[in-house]
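Both complexes shown next keep subunit A, but they swap its partner, so subunit B is in the first and subunit C is in the second.
And now, the complex of A and B:
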């Protein structure tokens, strides 16, 4: 037998009570895990790169810009590459099977987003040369079982072709893998030239531009210069870092971080009180046994460690199980909400935060009963005068 | 080495209740030789249990000296007293005080967790202690699965497993019927005679006291009579 076994035996002596406490902790960590993953997914969708700049229509990002702007921006000093994109409103088979779909210029798109995705060389060559080819994110490919070379009937809920059809027949040139776990890989990028020549309206218009610069030092100047360049035109622009733009977009949904903080905080304060009170009660019930252990020669600090060990074990068991369930839940949710929030995952950062919270929960709930157990005079514990 | 194992000199013990100072012992002297088996009797409130607490280092005197094998223990810190108890004293309680979630062998093993012993050494010591109290066949039984007498035997095995010099017994048969009580007292007598354990036993039961070599009567914090009994 070891101290750990003694701690374990104490924890398991009232199985129902321990199970209920574990369940409460599990729920709290599950909520934390899922909400933190959601918040991080929003944040990562909103981040991508602080160095890339986004140019959108000043009215709002749903309004178009003329494609001629691309060359004008590309000509500015400090601009490395400019990619332009158009929201396609894509779905597969059924409108509910939405897939984030953009019409892009293949070469500049891959250049600008090469830090985000790994595009196989063979697939890149096909995408650059074949007008009807598309590149597909791994999540979308896995979800629908697409392979390189597959023909996909890609529907749009916004655009139609000149012949009235709403379906574009495209071929998978490459399946691209995100370089970061949190990057959204539920997407399709089709070629703008194919899209533009077939669509029934909006020709030579683009949705927005993303650009990289030769040095981040140019960014502030370019932000100002680009917006000034198109000021007083029919299509005024609003330029900002991609991160700021995406954060502003996410902010329309509300302050996600604050909501997560409030819900998780409320859950943890409740759990803290429940577990803390139950631990205190459990130790009070064992007052006599603690007295016996001390009588046998167990020093106070060792008793303190054992009681703290019990509360830490409880927090870790409940917390780890809760985080595992959260990981499973985010995996399941990824399929369901992938169109809305990509890259939903329990990341190492969330795991570390969870571990810290488990330690804090264990220490806070166990400290008071552990201290009182350590200080308890033997005579009092044994009920002697 | 002196033959005196325990020596109390001018021990005072008092506590304050409200504004009143209650004195348990005002000037208590006592000597217990090595290998003695002493029964301490007396009416309730006479200070028997307080005396046992002082002898076991789980309570400290207000004044005076307590020596164990020539070493003063009344000035020890809590940590030193914990170590001293685990090295030198075994405790046997009226209500056994076994851990309900541990089986007999695990209960007996508890004091050995404080010793630098390997798992196999601990296992051997536990087996030997259970053998002494004739409970080897109950090693895997939990307290709830044993009778009062068996539980007290486990408690005795726990008290002797680390081979202490002194056993302190607080009403060890107070919760047992006569037949079982006699068995337990027989085990204590055996430990005293065969293994040379020094035993101090607090009891209300004159029949139990007869198993001791001598009986001390305590009343209002003083020994009122000393009776040497033939072993």
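And now, the complex of A and C:
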């Protein structure tokens, strides 16, 4: 009989008890998986931004900047391309069907963000040439069943047209897919020229700029240079990396990492206690058996390994199942929370963290009982009832 | 021996024997406590946020926004629209016959959060002369009201608590403009305390907004008059407006975030509860197993199966109750009154305090008892069915 078989038999000796422990472990890892994915999704909105810089109004990023700034930034040494964007407050049919909508200059927008999205060539040409065309993220397109060529009545909860209309009629030029699984694709980009000449107020204003540089070496200098250039103007700027900007934005939601940490911590302390106790109980029940094994010549370390193997097997079986359920749950949740946090997914990093926690759980819960089993003198073990 | 005295004898034996299985019992109670803490922390957060938003609204104040704008930030009204609203039915007039309305501008400026040191969106509200009078329970707790026409700011107490650099007397720069903080106010913990207030014309001119306003608050003669004003606005083609009571507006603003928090809290707590039930079942099965001989002995001297059932169930419920109470107490200690800030529906920071009510704590205790009930039920049934002869033979 191999050691593994012995471990397995021990584990299956009380099926109900084993099943209950597996279940508790599964729940904890499921909670860990889902919450870690959620936190990662918040974070990845921050980390998916490459080396771009963001220029916003110094007062706050919701305050406008004049469009004339774009040319002045483009002229700076080291600047590769500058995209500008204006928040549109878009929704489809009902105010609650919000879609992240920006008014953009098509050429520079695609240039700056091409590392994030796959834009089909045909669609790109249409977006570049036709004023009322838009590009639509895959999540939004799938949700509302939009196809290339469809007309969409796009509402804004901020802007209205000069003629009093509250709806912009736009045509889908392309449906774009994010290159990263965790990127948010519930968005529409419409053309700034169309938007600016039709809107009833705010003409020649933009929301913010995003720029790429010819080399990251320029970044630090540009951050300073841009803000100095516009200092003491009616529209002072605040320039930073897109990463820093997104990070600060996520921080506005409150301390998500802390909340996630508290809940996951509570869940793990719970199973640590439950499984630890139960393992100790299970080994105590087997004291006589361990004595018999020792009499048969099993050395102490081998017995230690067998008990540890049992707790590890339990942690891995429960943990892997829990993570699989978490993976299924995040896929299912992806549509529901798309508006908020972009793509949810169990990434390799989360899997590795999960694996480490399974190992730790198995070792911690098994160590005490395993040590006492290893040290148990034969006579005492056989004598104990 | 009556059934009642049998039951009470077995129950007391069960409860007294908890100490013999000290660690398993502690782990069961603590597992319940942790589930309760997690649930209550989310409920206290949702409740605190809701209180902050809802407390701000009054039934007899109408808030007027551009149709479809959903939040004050997105709204915009023309001068004509403001005038027409002032002439509307049901609007209170002062001694001079002027409508008691406050035109307001709602802008976002940056502030630095004390705990993270990162920038966050703070609302700067330019209010008309009547504006302060339209807020319930307004108290200037430090300094004074801003002077009309001056670059002066009044700061909410909650905002001061969570963000740095806005003490009374300090100078604040928003872009090129400089402001002096002249006073701090309280409104009984409502969302207004997360705002800056300043004189409307000053805000308009320093932020290049011309004469633009975003919303109008109108004091109505009665809560019912809000509907009259709405009907008046709906019938006038010049007024494409949303007219709602301030109360309804803030309730709507609160709902999204409150729902999200509560919808996260319950599933998490229930998932954890399943884990805790598994733990309770393990503990209780081991309790039954260790007392097999004792139960069989009782059966042999004439006790029924029912007392054994009740005894085990009560033991489980006692453990759950202890855990539940510990959890509720810990949640109250750690979370009640905790100050936090998050991004509200207006895209600005809302500072609020976690608020744990007895009703919420009852929710937590009930969840704890359900864990005890389910965790005790199956083991109790096993206890009731222990066969006498085999049970006595058990070592």
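Quick note on the criterion: the second predicted complex is superposed on the first by the 375 of 385 C-alpha atoms of A that agree within 3 Å, B and C clash if a C-alpha of one lies under 4 Å from a C-alpha of the other, contacts with A are read in each partner's own complex, and residues count from 1 in each chain.
The criterion applied here is as follows: a residue touches a chain if its C-beta (ideal position, glycine included) is under 8 Å from a C-beta of that chain, and two chains touch if they have at least 3 such contacts.
From a predicted model like this one, the values you see are computed outputs, not experimental measurements.
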{"item": "Partner chain(s) touched by A:122 [first = subunit B, second = subunit C, both, neither]", "value": "neither"}
{"item": "Contact breadth on subunit A, by residue count: subunit C or subunit B", "value": "C"}
{"item": "First (subunit B), second (subunit C), both or neither touched by A:299", "value": "first"}
{"item": "Contacts of A:216 with subunit B and subunit C, given as first, second, both or neither", "value": "neither"}
{"item": "First, second, both or neither for A:288, with subunit B first and subunit C second", "value": "first"}
{"item": "Touched partner set for A:379, first subunit B, second subunit C, both or neither", "value": "first"}
{"item": "Footprint overlap on subunit A, comparing subunit B with subunit C", "value": "385"}
{"item": "Complex contacts: residues of subunit B adjacent to subunit A", "value": "49-50, 53, 56, 58-59, 78-79, 82-87, 91, 93, 97, 99-102, 106, 109-111, 113-114, 122, 158"}
{"item": "List of subunit A residues in touch with subunit C within their complex", "value": "16-17, 20-21, 23-24, 27-28, 30-31, 57-60, 62-63, 89, 95, 155, 157-158, 160, 166, 201, 232-236, 247-248, 251-255, 262-263, 266-267, 269-271, 273-274, 276-278, 280-281, 385"}
{"item": "In the complex with subunit A, residue positions of subunit C that touch it", "value": "23-24, 26-28, 30-31, 34-35, 37-38, 41, 66-71, 73-74, 76, 107-110, 113, 115-116, 118-121, 174-176, 207-208, 212, 268, 271-272, 274-276, 278-279, 281-283, 285-286, 340-343, 347, 349, 395"}
{"item": "Complex contacts: residues of subunit A adjacent to subunit B", "value": "1-3, 6, 9-10, 12-13, 288-289, 292-300, 378-379, 382, 384-385"}
